[in-house]
Amino acid sequence: MSTEQIFDLGQCTVRELNQALHDFNGHRAGPHFRVRNAQGDHALAVGIAAPLSVDIEGHVGYYCAGMNQHATVTIHGNAGTGLAENIMSGVVRVKGNASQAAAATGRGGLVVIEGDAAARCGISMKGVDIVVQGSVGHMSGFMAQRGRLVVCGNAGAALGDSLYEAEIYVRGTVADLGADCIEKELTAAQIVALNTLLEQAGVSAKAADFKRFGSARQLYHFNIDHADAY
Amino acid sequence: MCGIVGLYLKNRALEPQLGALFEPMLLEMTQRGPDSTGFAVYRDPAPVGQLKLVLQHPDPAFDWALVAAALGAQFAVDVALRVHHTHCLLRLSVSEAALRRYLVEQAPAYAVVSIGQHIEIYKEVGLPLAVAVAFGLRGMQGSHAIGHTRMATESAVTTAGSHPFSTGSDLCLVHNGSLSNHNRLRRKLEKAGAVFRTENDSEVAAKYLDVQMQHGATLSEALTQALVDLDGFYTFTIGTSDGFAVLRDPIACKPAVMAETDDWVAMASEYRALARLPGVKQARLWEPEPATVYVWGGAAGAAPLN
Amino acid sequence: MTTRDPGLHESYLFNRDVIHEIQRAATEGIYDIRGSGAKRYLPHFDDLVFLGASMSRYPLEGYRERCDTHVVLGTRYAKKPIELKIPITVAGMSFGALSAQAKEALGRGASAVGTSTTTGDGGMTSEERLSSKLLVYQVLPSRYGMNPDDLRLADAIEIVLGQGAKPGGGGMLLGQKINARVAGMRDLPPNIDQRSACRHPDWTGPDDLEIKIRELREITDWEKPIYIKIGASRTYYDTLLAVKAGADVVVVDGMQGGTAATQNVFIEHVGIPTLAAVRQAVEALTELDMHRKVQLIVSGGIRSGADVAKALAMGADAVSVGVAALIALGDNAPALDAEYRQLGSAAGYYDDWQAGRDPAGITTQDDELAQRLDPIMGGRRLANYLRTLTMETQIIARACGKSHVHNLEPEDLAALTVEAAAMAGVPLAGTSWIPGRR
């Protein structure tokens, strides 16, 4: 589809933008949306349920592209707290940094952060793939259940604390690991899959350069000898 | 629960624009704190031996000349007076200890908002725009400023309960979050002679730092000790005579983002408050680490002090 | 106190229950986890009575003269507020904690009497959406099963900050209840313990919550009422902040409120009784001039129409039932006594809802047990119960001369104990004295 709809947030409200996007919910296609003048507004492009492509110029506040389904949302700037929270599918890309809790509880799709992600990146993630070209802050991957968190830079403290079955890959250094998170072997199959993901994310990094972290599964059933970790 | 902003100008050539750069930062935090607004601006340092005193009374027609005259008579000095909306700025040559003693003894009808050589705090119930306009923030020049928009949690929506809290000479504190052990700490500080004006947890944090520093701690040391003694959730920004400091609790849930260029250092609860600063696109941008003391200005340098 | 044997002097402090618990802890090395709500004595609605009409007030005739019961929730911001025929809703209980059959039965029962039911910490099942005419979708810290499609299917959204049984605590579901379907909905492996978070992953505090509420409104095009559910503790402040953060409805759950699985120490020792919480919540709403504009739902120990009427008189717009609804479905039925005894409990005592072995087929994920509960029969029983509560509420309201149950007032109440008078803020019976007030 070659048409483009332009929304200037200096001229229209967040409500008008989101309603225009939602008018395509359930459709198989739609126009390209260009959003201009984003100035840290919250809840931009949330709840899309159609394969739209949306380019947001400027920086966005909390929860941009929250609960995204099928759409490709690109933020040409920095993103606030809870970027693409609970994303179901589609691709959300930030050209700059993302604040706390990026892709929190995401259940599918791909989130690419070209800069750094702050604390709690991928908290309680449930199937989303997250690729961070920079570094992630503390408590990233906290209680992460499913999906992959890929960090090309470094990871802050308590990485993967109380981890379930999500996979975490870090190329740089890890400040320290959280409770029940351990380094695991990187298998040949995982290298292939990770290379595919990196390529999908448009990131030039080699999977073999990453370390993999996963759950030690010691907290899966209460055991008095692990009580300190609860 | 609130919005916080701070701006410290490294390039002195920008000082005439401090208010113009800072006001939009504060206004961006309106949604985070609709109850009250306040800011500390550091400017026009008083010469050695002289103090700047900011007082507040809810009645804009309050007779400040009478207050100035009483202070002048008490200390046998000239008192310069300038009224800003519900606040007034006084300058007089007096020792800080004597002035504080006098103010406690008088138990005056007005409130003491700040005391120092550099600091002036202005705060009032209301939305940021109204408060900024009432005090003429935009036109203020100076070296740095700290601001706060408040959504009250467990204490009353009053001017006294607004931030920043003055914490002693030239220091002030703003807080986003909620402390969980401030009541016992308050009682401990009261036993040691501290006087509180509000039920606010943030005032306890401010007073705590004040007491630590009165006992000889540097700001960095006081903040490091605060990590041990203050429980709960907090992002603090502390204004000092020549810079500011930032501290987040070890869990660090309450938001904070920082940016630095050769010309300035800024912090805010959300990036949107920084977005209009000149050169922000080239700034180093990061979110402060948990349980890490950051101090700018003076001898502290630009690096975080741990 | 347990029974006394002549000549044996049992300690009040170290009675046989206490000794048993110390011995259990020493053996097992873990706190006691159980379901249901606080079991110990607490001041409650029983400690209040109504001042029926006499000379100064005129009562309404039962059956003939109308006494309306409908309530509209979400009038502040939502484009589509929900209208309930009765001021009694069914509280959030998860699929996972409850069987799919139990969830369906709750939906059927609630729908039959024109009220809503609520999802829980495990997402929305198709059975409950189909069986519930009005369904409230919970947004919890775990976000298990959180899905925008379900959000759009919901009639209202409830952001859960806490529950009365455990204000400040996270959820827990033990491995034995995590069968393949429950695990799949939660994106977790089967059979492992689930420790869900106590704070939401993407916001903390009222300033961030305000932004979160706006996101949910944007996603759902401002159609759906947004509730905020709080566990009763600092209820006055929490209610103020919920309103400031933009709630359409505040749900206050007192410490008698039930849970599927929580530490006994949490259930019995954290939170305040429902009676005290209602008064604090109403005070906060009144102070903001938001009483009746932001609706208040009260839960935690609602059992009878008397409880409903008293909560409404104190200022609630509606109440919620959880534990009572499960009992109506058949929980703790005397007919199952032998089976309860095999589990080390007895009919009337059973609270091991965390264990997943419920012979009534309610708090279980065991297919065989769950099939014992017929959702149609269960729904009918719940509907009968809710109808009875409604009629009882009307009986009291009419006796106080009210043509709508919402016209009950605190002044229609008197307290039987000093404690209840102080907590509820109504005078001790026969006096004009409210402790703590001039």
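The chains carry the letters A, B and C, assigned in the order they are written, with residues numbered from 1 in each.
Rule of thumb we're sticking to: a residue touches a chain if its C-beta (ideal position, glycine included) is under 8 Å from a C-beta of that chain, and two chains touch if they have at least 3 such contacts.
Because the structure is a prediction, the values reported are computed rather than measured.
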item	value
Centroid comparison with chain C (C-alpha atoms), farthest chain	B
Pair of chains with maximal C-beta contact number	A-C
Whole-Å gap separating chain A and chain B, where each centre is the average of the chain's CA atoms	36
Distance from the mean Cα position of chain C to that of chain B, given in whole angstrom	44
Residues of chain C whose C-beta touches two or more other chains	208, 211
Junction residues of chain A, two or more chains touched	61-62, 81, 100
Chain B residues counted as touching two or more neighbouring chains	253, 255
Chain C residues touching chain B - in the complex, by the definition given at the top	199, 204-208, 210-211, 234, 237, 241, 244
Of all residues in chain C, those that touch chain A in their complex	29-30, 142-143, 146-149, 151, 175, 186-189, 192-193, 195, 197, 201-203, 208, 211-212, 214-215, 218-222
Sites on chain A touched by chain C in the complex	14-15, 18-19, 22, 42-43, 46-47, 49, 61-63, 66-67, 69, 81-82, 85-86, 88, 100-101, 104-105, 107, 120, 123-124, 126-127, 142-143, 145-146, 162, 164-165, 219-222, 224, 227, 230
Complex contacts: residues of chain B adjacent to chain A	28, 251-253, 255, 257, 270-273, 275, 285-287, 289-290
Parts of chain A lying in touch with chain B, wherever the complex brings them together	39-41, 58-59, 61-62, 78, 80-81, 96-97, 99-100, 115-116, 118-119, 137-139, 156-157
